[in-house]
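Just below sit the structures, each encoded as C-alpha cells.
Next come two complexes built around chain A: one with chain B, the other with chain C.
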Partner chain A sequence: MTGLWRQAWEIARKDLRTELRSGEVLMITVPFGAAALMLIPLAIGVDAPLLERVGPGMYWSVVLLFGVLVTVRQSAADGPAQMDLLSLLGLDPAARFAGKAGASALLLMAFEAMLAPIALALYGSDPRGWWWVLAVLPLVALGLGLLGTLAGAIAASVASTTLVPLIVVPLSVPMLLAAAQVTEGIRVGATIFGWLLLLVVMDLLLAVAGVLSARPLQEATR
Partner chain B sequence: MRRKAWLDFAAGALLAGALVAGLAVPPERNMGDLARIMFVHVPAAWLAYLAFGVTLVGSVGYLATGRMKWDRLAAGSAEVGVYFNGLTIALGMIWGKSTWGVWWTWDARLVLTAIMFFVYLGYLGLRRGIADPVARARRSAWLGVLGAVQIPIVHFSVVWWRGLHQPPSVIRPGGVQMDNEFRIALAIAVLAFTFVYAALLRRHMENALAEEALAARLASEEVEVAGAAITAPRYGEVD
Partner chain C sequence: MPEAVIDLRAVGVRLGDTPILRNLYLRVEAGEAVGLIGANGSGKTTLLRLLATLLAPTDGEGGVLGVSLRAAGRFAVRPRIGLIGHTPALYPQLTLEENLAFVARIAGIPSAAVGEVLDRVGLGLARHRRAAACSHGMQRRGEFARVTLTRPDLLLLDEAHAGLDAQAADLVAYLVREVQGRGGAAVVVSHEPGRIAPLVGRFVELQAGAIAEPGTAAP
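And now, the complex of A and B:
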C-alpha cells in the first residue's frame, strides 16, 4: 500500500472507530430516518397504491436529507487542534479527504442498507425491482460522502452548522434524480444506463475536485 | 458628469429604451399583453447565467493568481446574479399563474433554476461566515467553480426533460424562433439588463474595495481597548 492510500486508510479507520464508539449514525440517524419514513404517509394520507408508487422517491429523499447529517457529523469531528496535529505529522490533505470521504461513504451505505427494508415494509413497494437498486446504493453513498466531505472542507471554520447542508443538498440533486429515475425505470421497464452513467460521472468529478482542492482548502484554514 | 457615471447613465437610458420597445410591440397572438413579461423574464434569466459564469471566471482567476480583484469580481457577480435569479423565478411564477393556472409546477427548468438560486445563496452564506479575507476568497472560489456545473444543466433542462416550460427560442438549432419586432425588443432589453448588471457589478466591486481598505485601516490603527487603563503594578517603587 502506498503512503497516500495508507494514510487515507488510517483516517478512514479512525473515523469508523469513532463512529463505532459513539454509534451516532447507526443508533441515532437511522431511527431518525425511519421515523421520517413513517411520518410521510401520515402527512400525505394512508393510500396504499399511492404509497407504493411514491415509496422509492421518499426513500431517496430521506437518504439524501438524513445522509447529509452523516457527512456533517464526519466533517465536524476534527477540530482545529486535531487538524494542526495531523498536518504536523505530515498527513497529505488529499489522503485526509479520501479517508474521510471513504468513511462517510461506508457509513452512508450502512445507513441506506438499514433504511431500505424499512421503506419496503412501510410503503409496500415491489421488492423484485429493488435488487437492481443495490447497484445504485454504493454510487449514491460514494457521491454523497465525497460531496459532504468537500462541502465540509469548504465550510470549515465557519461557525454556522447549517451551511454545509445548504451547500450539499442543492448540489446533490442530480444524484437524487438519478437514483429515483433508476428505481422508476426498473418499475416501468425503461433503460437505466444513462442515469447510472450520470452517477458514475458525478462521483468521478467530485473525487477529482476533492483531491485537487484538499491542499489549498487546508492551507486556507490557517 | 463624473467620469465613471457614464455606465449608470447608459444603463438608465437603455432601460428606458427597453421599456418603450417592450410597450411598442403589439400584443402576442395567444397570450396578449402577458407576453410582455418575457422582456424582463428572459433578460433576467440570461443575466443570471452570465453573472454566475463571471463568478466562475473570477473564482478560477483567483485560484490561478491569488489576486483579490478576482475574488471581488466573483463575489460581486454572484450577488447580482442571485438578484437576477430571484427576479427570474418571481416573474416565472407570475407567468405560470396566468398561463398554467398555478404559481409553481414540478417542471425541470423551474426546479433547477430554484436549486441554482439556493446554491448561490449558500455561496453568499459561506462568504458571510468567514472573517479572514484570504480564507474566504479561497474557499468561496472552490464553491464558485463547483456551483457553475449546473448552469448548462439549467439551460438545457428544457431540451433534456420534456415539461411545461417552453424550449429555447433564441439559442437553439435552426435559428431564432421569434417575430422580428419581438426579437428587436428582446435584444434591447437584454442589452439594457447587461448594462444594469455591469453597473451593479462595478458598484459591488467598489464597495468591496472600500470595505477592504477600511478593514486594513482599522487593523493598523491603535485603538483603546477595554481595560487599557489598568497598568501592571511596579513593585518596590514609592510615589
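And now, the complex of A and C:
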C-alpha cells in the first residue's frame, strides 16, 4: 500500500471507529429518514399503484436529504486542533480527503441499506426495480461522500460549516435524478445506461476535484 | 554562523487589515529554549502557529529548521515540529493508546513505541481509557506522550503548565531538555514565567504583537 492510500485507510478507520462508538451519525439519520419515508404513505393512503410509482423517487430524496446530515457530521468531526495535528504529522491532504470521503461513503451505504427494506415494505410489493437499486447504492453513496467531504473542506476554508448543505444539495440533484431514473427505467423497461454513466462520471469528477483542491483548501482554512 | 532553528526578520502577520504580529526579529539557535511571555491577546499563540508553519507571514522573511515560511517546501518540515496547543488534539472516542497508535501510523513510526511512551508520561495504566473520559491533566499528558513519540526538532508549547500538577510539570522540563539534547530548540509560552525560568535561557515578551524592548518588562 502506498503512503497516500495507507494514510487514507488510517483516516477512514479512525472515523469509522469513532462512529461505531458514538453512533452520532446513524443514530440520528436513520430514525428521521425512516419517519420521512412513512409520511407519504400516511398522506396518500392505501393507493398501491401510486405508492409503487413514487417509491423510488421518495427513497432517493430521503437518502439525499438525510445523507447530507451524514456528510455534515463527518466533515465537522475534526476540530481545529486535530486539523493542525494532522498537518504537523505530515498527512497528505489528498489522503485525508480520500479517507474521509471513503468513511462517509461507507456510512451512507449503511444508511441506504437500512432504509431500503423500509421503503420496499412501504412503497412496493414488486421488488424487480429495487434489486437494481442495490447496484446504484454504492455509486450514490460514493458520490455523496465525495461531494460532502469536498463541501466540508470548502466550508471550513471560509469558516462556515452551514455552507455544507447549501453546496451539497443542489450539486447532488443530478445524482438523485440519475438514481431515480435507473430505478424507474428498470420498472418500465427503458434504457438505464446513460444514467449509470452519469453517476460514474460525477463520482470521478468529484474525486479528481477533491484530490486536486485538498491542499489549497487545507491551507486556506488557516 | 550555524543555521538557526528559528530565524525571523521583520515578520508580520495580518488578518485582514488587523495586524496580529508586527516587525518581529527572533533568532533561536540549536539547543536553545526560549520563554515567550505576554498578556492575553499579545500574539503568543499566533506566533507559535507561525513557527509551526500553520500560518504564513504577510510581511517580512523568516524560516524554521532552514526552510522559508513562505516556501511551498514548508509542508515538508512540518513533521519535524511538535506543537502542543491550548486545546488537546486527541480524538475523544479513541483510547489514549489508540490515539497514539493512530499518530504513529500516520507519521510512519513503529507502533511498538506507543506503550513505552505512555508509561513514560505516567499513563500506562490508563492506556485503554477513552480520551473523553480523561481529566484535562491526563489529556495534557497524552499530548506530551505524542510529542515524545514524534521526537520533533522544534518544540512549541502553549501554556506549558496550564492545569498540570507538580509531577506532570516535570514532564515539561523533560520534553524541553530532550529536544535540546537532540540539537533542536523549544519555545515555551507561559503566564507563569517563574515556572519556566529554570528551563529557558532567555525570555521574549510580546506586547501588542511586537517584541518588547529588553528592559521594558521583567519576567
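Methods note: the second predicted complex is superposed on the first by the 211 of 222 C-alpha atoms of A that agree within 3 Å, B and C clash if a C-alpha of one lies under 4 Å from a C-alpha of the other, contacts with A are read in each partner's own complex, and residues count from 1 in each chain.
Note that contacts are C-beta pairs under 8 Å (C-beta built on N, C-alpha and C of every residue); 3 or more make two chains touch, one makes a residue touch a chain.
Small disclaimer: the values here were computed from a predicted structure and weren't measured.
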Contacts of A:L91 with chain B and chain C, given as first, second, both or neither: second
First (chain B), second (chain C), both or neither touched by A:S213: first
Touched partner set for A:S22, first chain B, second chain C, both or neither: second
Which superposed partner A:Q82 touches (first chain B, second chain C, both, neither): second
Partner chain(s) touched by A:E10 [first = chain B, second = chain C, both, neither]: second
Intersection of chain A interface sets (partners chain B, chain C): none
Chain B contact footprint on chain A (complex, rising order): 150, 154-160, 163, 166-167, 169-171, 173-174, 205, 209, 213, 216-217, 219-221
Residues of chain B defined as touching chain A within the complex: 63, 111-112, 115-116, 118-119, 121-122, 125-126, 129-130, 134-135, 138-140, 142-143, 145-147, 149-150, 153
Chain A residues touching chain C - in the complex, by the definition given at the top: 3, 6-7, 10, 14, 17-18, 21-22, 79-82, 84-91, 215, 222
Contacting residues of chain C [partner chain A, same complex]: 49, 52, 54-55, 75-76, 78-79, 81-83, 85, 87-89, 91, 93-94, 98, 102-103, 105-108, 130, 146, 150
